[in-house]
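The structure appears right after this line, and notes come after that.
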Amino acid sequence: MRENRVRTICQNGGAVINGWLGIPSSYSAELMCHAGFDSMTIDMQHGAMNYDVAFPMLQAISTTDVTPLTRVPWNEPGIIGKVLDAGSYGIICPMVNSRAESEALVRACKYPPLGSRSNGPNRARLYGGADYGTAANDTVLALAMIETAEAMQNLDDILSTPGLDGVYVGPADLSISLKNSMPPDPMGAQAMEAIQKVAEACHRHGVIAGIHCMSAQHTVDMIGLGYQFVTLQSDAAFLGAQANAMVAEVRGSEAKASPKMY
Amino acid sequence: MRENRVRTICQNGGAVINGWLGIPSSYSAELMCHAGFDSMTIDMQHGAMNYDVAFPMLQAISTTDVTPLTRVPWNEPGIIGKVLDAGSYGIICPMVNSRAESEALVRACKYPPLGSRSNGPNRARLYGGADYGTAANDTVLALAMIETAEAMQNLDDILSTPGLDGVYVGPADLSISLKNSMPPDPMGAQAMEAIQKVAEACHRHGVIAGIHCMSAQHTVDMIGLGYQFVTLQSDAAFLGAQANAMVAEVRGSEAKASPKMY
Amino acid sequence: MRENRVRTICQNGGAVINGWLGIPSSYSAELMCHAGFDSMTIDMQHGAMNYDVAFPMLQAISTTDVTPLTRVPWNEPGIIGKVLDAGSYGIICPMVNSRAESEALVRACKYPPLGSRSNGPNRARLYGGADYGTAANDTVLALAMIETAEAMQNLDDILSTPGLDGVYVGPADLSISLKNSMPPDPMGAQAMEAIQKVAEACHRHGVIAGIHCMSAQHTVDMIGLGYQFVTLQSDAAFLGAQANAMVAEVRGSEAKASPKMY
Amino acid sequence: MRENRVRTICQNGGAVINGWLGIPSSYSAELMCHAGFDSMTIDMQHGAMNYDVAFPMLQAISTTDVTPLTRVPWNEPGIIGKVLDAGSYGIICPMVNSRAESEALVRACKYPPLGSRSNGPNRARLYGGADYGTAANDTVLALAMIETAEAMQNLDDILSTPGLDGVYVGPADLSISLKNSMPPDPMGAQAMEAIQKVAEACHRHGVIAGIHCMSAQHTVDMIGLGYQFVTLQSDAAFLGAQANAMVAEVRGSEAKASPKMY
Amino acid sequence: MRENRVRTICQNGGAVINGWLGIPSSYSAELMCHAGFDSMTIDMQHGAMNYDVAFPMLQAISTTDVTPLTRVPWNEPGIIGKVLDAGSYGIICPMVNSRAESEALVRACKYPPLGSRSNGPNRARLYGGADYGTAANDTVLALAMIETAEAMQNLDDILSTPGLDGVYVGPADLSISLKNSMPPDPMGAQAMEAIQKVAEACHRHGVIAGIHCMSAQHTVDMIGLGYQFVTLQSDAAFLGAQANAMVAEVRGSEAKASPKMY
Amino acid sequence: MRENRVRTICQNGGAVINGWLGIPSSYSAELMCHAGFDSMTIDMQHGAMNYDVAFPMLQAISTTDVTPLTRVPWNEPGIIGKVLDAGSYGIICPMVNSRAESEALVRACKYPPLGSRSNGPNRARLYGGADYGTAANDTVLALAMIETAEAMQNLDDILSTPGLDGVYVGPADLSISLKNSMPPDPMGAQAMEAIQKVAEACHRHGVIAGIHCMSAQHTVDMIGLGYQFVTLQSDAAFLGAQANAMVAEVRGSEAKASPKMY
């Protein structure tokens, strides 16, 4: 079965630089895959696409050797099965707050005996190879999002779930939950303390520590904390930031420019 | 009829900062419209969308007060009529090399007596207003691309076409045509000389001078040359540049980082 | 944050005339928004669209000042979060029959501390404004459908749910449930009695009373009963009614017409 | 091969009531087919769809016994061939102003020896039957739009084109062209005189006279003039009219209503 | 209401040859319907489509007299209601392992008093007829998938669920569950024993026995075992098999061919 | 720049087995690419897709090392440029009947100095590599379809067009044109004689001889005639043939089967 680069890099002690797709287009997905990422996650939770648009995005990622992952909208076995059958090599599942929820995630992601995923990996077999059925459990990743105070309390229970491959911290939601109010404060002391705890717990349990990062520096810092699966912002953030910066640069220069020739 | 901001700004002696859409998504289109552009062009020639995807992109632009324009794939009346009926407030038409071709463009873009555009502005009336039919000829823009040596030779013939509102220089194709070989040299002396000639000729003929620009500085320079309709790169260029820069920043810092904690 | 006209009109004691979209097209959605409605609801339950088609429909509504709402297919947090992130200003949720279900609805619709909605309002921030995160709980509407005998029994429990903004009566389903058989009898005495009770209970609890109406007269009658959020049929009903009437008119006249000239 | 009801009704001396689709949705297309029309035309010229959306609309029409037709964006053989292969039973072609243009239309619509349509009726064979190849020339309709002063001058030349099955008058564009200015005056004396001439000429040449109508009465009137293929407005017109009327009815009643109960 | 051919054939003691759609295209769906199947199932679980693509596929099936069915991704009332409203004449629901789950399936598929399906069969009424509301419970099929050891243990409880019309065996998943490991062994003794038990139990309970088959011979064998609703592979399996066979045939002949002429 | 396997195989004296896509789906496109073909052509002329659907199909092909080609609907520079920019490695253009038409094809397919293709290979550069601009003329294929009596008369003029890389015979259309009537007779003596002439002429002119084949045997025969680019039927033909055969096999066995058990 085709390698899951996220597993390989993590096993080799490296850090996976993960891209994040919120724009519903297979063209921008392919473009992002040429920027140097190791893996690429289609965000079906907050991103602007559902399955019918995500499917060709998974194909677009597969034109490169970047490993395709998906964040599903919710811990629901129907959509988890669908995106795995479509060739996603890992599931990032939001709001896993208890052992019962992490077990449900594993059940949906893994074939027996680890779980009860239904057999029918139609595109996954094209992408992964003919031995997909027997190798998938060791290749596909089940990553539980840790993003609430409740999840922090159940951290060890969650991390010790058989078949769970790792976690993915949502710092914004985690900070909101910890202080029980908006707006998010993902860099605040309370959130940072929890983020450090998660990294340590993952290390203890031998599972992958993943996290969403808001900037290049944040990403580097999180790698420094031991996070091996780090997401660097998103396509929409990149597009917005660069468009705003470039227009501002023109507007600034334009303002100071001498009058038009004509 | 709703104002065409491109016309207004040009008439007031200002410069229109135009955005450029090559990503086939109404979400990224809307995102781009929040970056400070005056107008936004859907590039149906080199961009990754045709009409069925461009239609909701025109709607997405209309959620803001940014003026929607379209570059059509070719000087063909069928597609020109379709995107105008869909609410595009201007046509940028590639490869207009002769008076015959500029007249064909005007025929397709304008109602009688200026042209022979067919009546049926279904979405355009929703966007533009109930008086669309009688006001469209004075609102909608017909812009001919000047991007070949042949067009440079016929420049005055093209610019004097009744009903033509302006031109749009494609510096890359123009440079290729002038030296009759790849790769493009849009900043080279040969191209720059032609670009200056076009600006002067537009001034002489009283039509809008537009041009595609490769950077913020290039954009400012072209405004300095008298171009009043200037495109600042594109969504795909923004996304690619920022994604590459950010990943490189992380990779660079990561390389120098101390070993992982675990 | 951009105003939610449904809230404003209701707070001012007026009645919101709501449109209803079952046709999966962003063009007909925009067309409907020019007919004089205050708000417009995309019906993802019985309408012919899912998220990937509903997304550009939300953009189409946003080309006007009509407030966009969505009826979701079910009380499921994944899809509720997705359509809110896409810019829907309110959720109409089917089959809310108990306090547990209304609480689940509020949890999915509201950020902490009212609920546990996950943070990531990508398009919603473009539409609503930069302060979306902190203002959303007071702007976005959570409306529970009252459409079963069970819901009628739990009415006070449901209406007193903290964070619930109102209810929406489905008279057809309600009548079916009350008599426990098809076909619906939404104007029957049994249904009308329940409909009146709901209006009174909403008044008592200070929440919005909404209802689906089958005709202009029905709509006016329901406003008379105190319903402040009234849906006037649907796009599909309008299209079908007018098409049938017009064809019948032609067929009728044609039948009586004198023989053809040729 | 499956019957073309337009041909049959016309041959029997009846009038075909044709529906018109501008909304890009296969659901509204199917809905329209249940309203009593004989044939249904997808308007790819002024309607909001191109081929990728029109294809499932052709399938939707085929769920009924209503005959599917298409107005193409332009007299271009690529798109004409595509929609015929997709199962359209007739082409309405805009802006046919000369014998050369009507001959080009026939070439694109008919197989040799009448024309040079390329063979490959993939979906058309599913819809029409296994003998599609040999029967298509006698079944599929080529209808030229008469909508300019130039076309009126060349009327006999156009109508006598071998293989042309009829014409379709666009009264709005025709009136614009005749007076060489906006807005259209499709009921004016000038247009009406031309419309009558076309009907008579069609009778003389033994081809189908078709026309676009703006109301039920207009439709009946045109049948009275000898038009046998009459289009009754459009889906978008129906939807807009009914939505506006219904909202106005509620607003009117509401305004006169007594104060709210609560 | 339009007949459900699956019911009719089963009641007449025949066997329904069911087709299976995993390719997300309304064209291939229509093509499949011309191959001689009695019914056609859109596989939304393992197939490559979700609702927005499945909707026009249901229309495509309705261009023929083949009965349209849908396998849903999961036992979730939202999607079950949506595909029934879109005109599906039956639901095949995966992983029904207990009486509670079969009852939930019936609740989602049937109107009161059998279930609690919400009323709003928008396209279903166009396809099925004006009496859809009252006739649907006796027409639409609710079929529970038996594909786990747990379901085998609860077989009588599941089969005796009021309103359940039959079952559908997934031999691959059933074999995986019975031996609690990959790969599937759907023809093995353990699976075959269970498959025989299901057929007998269906006979006892007077419900339809359905099963997924891997080849023509397998299909015939299952009919021999008393299965009356038998699926013959799938569109993707057909396409892959024939493409591979044909290329292999050419490659084989080519290898043995004499040298090229030029 | 990434290799064009069609060129390489032809230069090495081999035969390219080309697949053909008429089903509008990126999933079936990817499935086809796993069957052993060397290249894969999206048929935008008779196939059921236009650009907006073809784009993700090009991406799907790019998940494998199969070379992507496109048959365009017509010899029109707009669509030719679009599919090349989308990453198609060759254009098959229908109905090239004269030197003027083959020159127009080359102009649209090649950059200066060979042609006048406009620069902007947005996805093509991602697929082909950073040197796409300078290497494209030597990599991308321009193939003219020879499918009329007129083309046969102008064969040497067409084949000697500078920049034209080869031809592609459409045997069905060619036979129709030669006898000037339907139905096609692609294996008849008249067509076969022309097919042989084309192969010889291509050899003489040193360009690629390509042809559409109706069966495996036909494909092998054409390779024997010297055709180096041979298309083996199509996805739709494969699907239809296998579905019909399998259903017939079941029906045949079923008919002879003993009575049902129950």
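Letters A, B, C, D, E and F mark the chains as written, and numbering starts fresh at 1 in each.
What we mean here is this: contacts are C-beta pairs under 8 Å (C-beta built on N, C-alpha and C of every residue); 3 or more make two chains touch, one makes a residue touch a chain.
Keep in mind the model is a prediction, meaning the values are calculated, not measured.
In terms of the stated touch criterion, the partners common to chain A and chain E are C, F, listed by label.
Set against the C-alpha centre of chain A, every other chain centre is closer than that of D. With rounding to the nearest 5, the Cα superposition of chain C on chain E corresponds to a rotation angle of 120 degrees. Greatest centre-to-centre distance from chain E is found for B, with centres as Cα means. Where chain A touches chain B, over half of the residue numbers in use are shared by the two copies, so each contributes mostly the same positions. Chain geometry summary: the mean Cα position of chain E and that of chain F are 36 Å apart. One finds 34 Å separating the Cα centroids of chain B and chain D. Chain geometry summary: the mean Cα position of chain A and that of chain F are 40 Å apart. For chain F, residues that reach two or more other chains under the stated contact definition are 22, 24, 27, 31, 34, 48, 50-52, 55, 76, 79, 122-123, 236. Viewed as a network of touching protein chains, the structure does not reduce to a path, ring, star or complete graph.
In summary, the structure contains touching chain pairs A-B, A-C, A-E, A-F, B-C, B-D, B-F, C-D, C-E, D-E, D-F, E-F. Residues of chain B touching chain C in their complex: 26-27, 30-31, 34, 55-56, 59-60, 62-63, 122-123, 126-127.
Contact residues of chain E toward chain A in the complex are 22, 24, 44-53, 72-74, 76, 79, 94-95, 147-148, 170, 172-173, 176-177, 180-184, 236. The part of chain A that touches chain E in the complex is made up of residues 50-52, 55, 76-79, 81-82, 85-86, 111-113, 116, 118-123, 133-134, 136-137.
Residues of chain F touching chain E in their complex: 13, 15, 17, 19, 22-25, 27-28, 31-32, 34-37, 48, 199, 203, 216-217, 219-220, 223-226, 228, 230, 232-233, 235-236, 238-244, 246-251, 253-254, 257-258, 260-262.
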